[in-house]
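Each chain carries a letter (A, B, C, D and E) given by its place in the written order, and its residues are counted from 1.
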Amino acid sequence: MTAAGTLEVVPPVLDVRGLTARYGHVEALKGVDLTAGRGELVAVLGPNGAGKSTLLRAIMGLIPNQGEVRFLDKSLPRRDPAGAANKGVVLVPEGRGIFGPMTVLENLELGAFAIGRDKAEMERRLNRVFELFPRVKERLKQVAGSMSGGEQQMVAVGRAMMSDPKVLLLDEPSLGLAPRVTGEILDTLGALSASGLPVVLVEQKAPLALKLACRAYLLSLGRIVATINPREVKSHDELAQYYFA
Amino acid sequence: QETYKIGISAGLTGYAATVDRAWSDGVQTAVDVLNEKGGVMGRKLEVVIEDNRSNPQEAVTVYRKMVSSDQVNLFSSGCVSAGNAAAAPMVAKSEIPMILCSILPKDVEWAFTTLPPAGFEIEKRFEYLRDKTQIRKVGVLHDPTPYALLQKDVAQKVAAKYGIEVVSTEAYKQEDADLSVQLSKMQSAGAGAVMKIGLGGTTLTAAKNLKQLDSPMLLLTSLEDLAVFKPVAEVLGDKFFFVASPSQVFEAYPDGPLKTAIGQFLDPWKKKFGDRDPNWASRGWDSVMLAAKAIETGKSFEGQAVRENLEKITGFQGTTGVYDMSPTQHQGISSNPFVVAQIIDGQVRIAQ
Amino acid sequence: MTNSPSTTSPEAPGLARPHTRHFGSAAVWALSAAIIGYALVFGGYMATIVAFALIYAVFVSGLNVFMGLTAQVSFGQSAFAAIGGYTSAVLTTTYEWAPLPGMVAGLVFALVAAFLIGFPTLRLKGHYLAMATLAIGLITYEIAVEWESVTQGYLGISGIPPLGIGPFEAVSDRAILSVLSVIVVILAFAVTRIRRSRLGRAFSAVAGSEEAAGALGINVSRYKLVSFLIAAAIASLSGSLFVHVVGYVSPEVFGLHMVILAFTMVYIGGLGTVAGPLIGALIISILPEVFRGMKDYQDLAYGVTMILILIYAPKGIAGVAGALDARRSA
Amino acid sequence: MDLNLVLQSLISGISIGCVYGLIGIGFCVIYNASGIVNFAQGAFVMIGGMATYVLMTDYNLPYAVAAICAILLAGIVGAVVERLVVRPLWDRNAAMFVMILATLAAQIVIERLAYILVDDQPKTLPPFTDIAPIRLGGIAVNYQSLWIVGCSVLIILALNSFFRSTRTGKAMRAVSINAEAAALQGIPVSRMLTLAFVLSAMLGAVAGILLTPTQYTAFNMGVPFAISGFIAAIIGGFGKPLGAFIGGIALGVIQSMAILGLGAGFKNVAALSLLLLFLFFRPSGLLGSTR
Amino acid sequence: MTAILEVTKATRRFGGLVAVNDVSFKVSSTGVTAVIGPNGAGKTTLFNIISGSIPPSEGAILLAGEDVTALKPEAKAARGLVRTFQLVKLFQDLTATENVKVGFHLKSRGGLLAALFQPAWAKQAERDAEEKAAALLDLVGLSKVARTSASVLPYGQQRLLEIARALAAEPRILLLDEPAAGLNAEESERLAKTIRRIAADGTAVLLIEHDMKLVMDIADEVVVLDYGRKIAQGTPEAVKKDPAVLAAYLG
């Protein structure tokens, strides 16, 4: 990262162009551009209903959409979430999407669905998740649905890590986490992106996100209304200005 | 000139399918033969068939369709008793005679049946057991259809007359997958033979079950399509007997007016359907011939006239026996034409 | 039901927007009225079909309260139709009651039975509830077959008098169709009113989330039972109507066949909508007649058509109409 | 009552119960992969017996070959049903019962096709081992029942380890729990669905082939069997293959004991009443979790 | 202080795990009480016990002095205890207004007959409900989406709607499970104001929250759980400085 004040240009791993999505007759996303390159953590901020979740869902192809999503210079097919996931674009969805009746271990194993039967690799990845979330290791045999809210969130993030993503998209990963764990998770994400992984983070706790992000997109009513360099944002009030501009 | 329309409400699908398809084809054969001869009193006949799915509600619908849309002149309907009963009042109101292959609906003077009395099939089997075997104890296995229930009651009533004891009476349902418990019960009650009353694939199930139980009991079944009996015979061999109508054992049947009547039917039937079982079809044939006779006697196609003249038919030689109708007797067959038969080496024989 | 993919579906058929224009829904009503009108004018066997369809529409209206408004499953509503039908049949033939008191007696029996059955059964959820109610329907069918001394088994009971009060009897097609239409309209009106009432909201709450409903003080089991009783009463009414219109009853009338047909009607028509039961019943009753000429291929064509309708109108016909209205008003 | 008779009836109950169980397992497989209850399951059972019969009699194939071809054919039909009927609804987020209705319609279509292609007469197959039953004192145990029990046990063991320990099995369960989240893990949801239909169609066909020698098959025999299989699956706690199997045996034994004690008329009433009572006390089945 | 709610020695086990372990505390009939603690500390389980969703293994719950331990949620709601859920549980097919109207269930009357014949009083009650619902939606800032079906509301608004719905039941004590989760800073500030107003209007509030700013701003009393046990209780200031709390939670 270089001096503050310039929006640094890194060759994008994920390059979203003119993404548009609608629910029935409501246009929830109106031509959004967004990029994330190697080592970048970009934040997407915006008030309730701005379309943040919709943006991530559209990138994954979970909902009908128009526009282009390029990943490593190839177009991602527009309606194939599993294909995108297998290529390494991984989303931790809003509401976690835990497989409730299955055990914690099974949930994690399914995160690494793509690696097939490689036992050693599975071990390695599991251990990495255990380091991140020791609580998860204690509860491997527990039915995931009976975990506490925060514990489930840990499983969800851990599961995404299991797939060894090439781009990680997170929809409010701190939701329901205790402050300390929130801090830990965000630190982890920072470390991950520092080690090269592009991360797109949707987060309500703007100050926390801005601490880590190299770039923040401000979304309002389905449009990017501003792209911010976090180092230029001095105060909370300034951010609020963007929010309600 | 307008055709004389014969309507058939038949269970082309559902539990009555085998019987009703054969019945309808028999009706059609009779109509074709009559038409070739120029029809009845110079008027051609026409058949209208509707599928009632062996279901009474559906039967009401198709009867109604044939009454009002097709303006049928006479019904020659299949063996779905409930369906015929459900529609009978409406048909009677439209003054259309019905000749059926089922139990007569209650209090309907417009309905006639080709069905023999319930006792005939029972009595033949008792006779056979009494005369040709040592077996004096039997089990009765029946389904819950009205005609089967009637037969069951007869069996319990008349058994003693033949020196036979019904040691066990068991019910089953058409969709039952296994009858071996009923059969075990009969065997353990000391029965030497099973009298099965009812139609369909369950006869095959009963045969399979007897074999699986390694049971010495004979199986005597009621009237049915030969197509069902062939695999049964393969399973049970000479332990299997069935009630046959004269048309089914035509070759072996002694000469006489009955054989002649059957012959008249079998010729065109075989030409069209080859080896297919003629039993139910022959009754359908009878129904048309009875109608033709009534029309010719009364020289009228009017519903009321046809009905009255059907009541007057006596001594009419049909393919299943002689019909004697009267205002109080709408079930015409009065003498027992049946035989007990077997299938040995693929050939149908009268049991010795 | 638990893992239903529909739980994520956004649009609530027709419920959400009271202040919109109802062209689509009006079209559905108009079509239904046209079909009934045709039968009234031209009579014939169309009258029989439409009469059966209307009786089914009554039955399906009840099912719709339980399944559509309260989101519970019952494969056993035929049981209550059977109780109503047989009570009417036996009382009017064997005991020579007039049709109306017979019907009321059937209703009372059905309610008592529904109360006794509903109490333990409605604790079940999802497939288990479906199974338990299916069992109730099948048991009732078997009883109708086996209890010959009263029901006459498969032979059935015939000679049941037509609908009537005092000297007035609904014998002609027109009279029958008119009586049935009035009943169907009254029921549709009642369902509309229920839906917009405190009772209807309690039903919707139970449908939406039993846990949340409980947290708001709604006695979930009580409202499930109320909904079940309403559905049973309407089913019983339809059973009585059937036997008086046809003059005959046998167990097959109230078999699994009836339940499957009713399910098809409620979904093809549009679950939870007011017009759904009527249009669903009319279409599903007329469809086989359209294909009647195809003989052996009739069922094949019927099956394929059903699959196509389900695919292209998964929320039912009234549901689609409602969605069109919603779009127009947006 | 005669002890032999009771034992003999017990054996009858167990062997027919195994068949119910086997069909119930078919329900579980599709349910475990999609959350759908597939009422066309009975049609696959019919196809199993019917196709084997046709291939044996009309094409003179040896029994085993005909059976294998029939199983494959059922698998293909399963895939077709999934592609043409279930998938379009799945993609449109149709409600559960809409899909159930669609499978019922598919059942009608397959049934009618079988009727048009073959006919409506009952057909049967010879027993796998056509020798006199084993006699144990006064009771007879026939070989076909042993085949049925043996095959069922094998299938259950295989399925249990499939859903518990294989990657594909776990992925299928994940799809049924939350299809969207499963897709996000890179699980090919639509292939899992197809696979599930193929698998359960083949299981249905196996059931059909095993049971036809003990009775008969006909174009319309599927529905009653599907109902019994569904009941078995429910007793077992829906989605549990072992549970369905035990549930099937329970159903078979209850029915045969009811025939013995009360007469055949009450067979179903007894079985269904017991089922109800059972559900009241264990609202989520034999092996289902009680909360 | 008069206690509206009293939890005595509540314990809940899941198999070998003790999710809530011998917890006792009182909730004042005025003001806001917060329950905080790390993930998996047993907060939601405690709420479930209090609201009657699950029975405690041991211990008792007193509501306004009455032992309500064994009562079902609906019975507790009828006595004035209403809760929201950690994962929102709205009636998806209903509009925002209708969701709130369901909340009036306990405060209104009318069954089948009222629905069918709609007497004047029922119509009047319906109009009142409509008005009150509008007022409540206004309170939480959802007037604009009053006619929108709940299923399409974004997550944050769903949370607010759930609170409005709970308020409709006019509870004496309102239990909120992480009401601010998914809200941004502005929104949670507005929520804080709303909660204060609710408390000022005389409803006791018991809330679980991880947003410390919110807790510090509005709570009068804080209960801290860790591994199922109560490790601290007191004013926000006191708790904030408690070394045990710092170690376990705030870090």
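Definition applied: contacts are C-beta pairs under 8 Å (C-beta built on N, C-alpha and C of every residue); 3 or more make two chains touch, one makes a residue touch a chain.
Note that the structure is predicted; figures quoted are calculated from it, not measured.
**Student:** By CA centroid distance, what chain is farthest from chain D?
**Tutor:** E
**Student:** Between A-E and A-D, which chain pair is linked by the larger number of C-beta contacts?
**Tutor:** Contact tally favours A-E.
**Student:** Suppose each chain is reduced to the average of its Cα coordinates; what separation in Å results between chain A and chain D?
**Tutor:** Centre separation, chain A to chain D: 43 Å.
**Student:** Which integer distance in Å separates the CA centroid of chain C from that of chain E?
**Tutor:** One centre to the other, that is 40 Å.
**Student:** Hey, how far is the Cα centre of chain D from the one of chain E, in Å?
**Tutor:** Computed from C-alpha means, the inter-chain centre distance equals 48 Å.
**Student:** Approximately how many whole Å separate the CA-defined centres of chain B and chain D?
**Tutor:** From the centre of chain B to the centre of chain D is 35 Å.
**Student:** Touching at least two other chains at once: which residues of chain E meet that condition?
**Tutor:** 152
**Student:** Spell out, as numbers or ranges, the residues of chain C touching 2 or more other chains.
**Tutor:** 9-11, 145-146, 296, 299, in rising order.
**Student:** Give the residues of chain A that touch two or more other chains, as numbers and ranges in rising order.
**Tutor:** In chain A, 23, 26 touch at least two other chains.
**Student:** Of all residues in chain B, which touch chain D in the complex?
**Tutor:** 13-14, 17-18, 21, 144, 170-173, 175-178, 180-182, 184-185, 188, 200-201, 204-205, 208-209, 211-215, 225, 227-228, 231, 235
**Student:** Quick one: which bits of chain E touch chain A in the complex? Just the residue numbers, please.
**Tutor:** It comes out as residues 14, 37-45, 86-87, 152-157, 178, 181-187, 210, 212, 249-251.
**Student:** Please give the residue numbers of chain C that touch chain E in the complex, ascending.
**Tutor:** Within the complex, chain C contacts chain E at residues 7, 9-12, 15-17, 19, 190, 193-194, 196-202, 204-205, 207-209, 211-220, 226, 230, 272.
**Student:** State the interface residues of chain D toward chain A in the complex, per the touch definition above.
**Tutor:** Of all residues in chain D, those touching chain A are 167, 170-171, 173-174, 177-178, 180-189.
**Student:** Which positions of chain C touch chain B when the two form their complex?
**Tutor:** 43-45, 47-49, 52, 145-146, 148, 153-156, 158-159, 242, 246-248, 250, 252-253, 257, 289, 292, 295-296, 298-299
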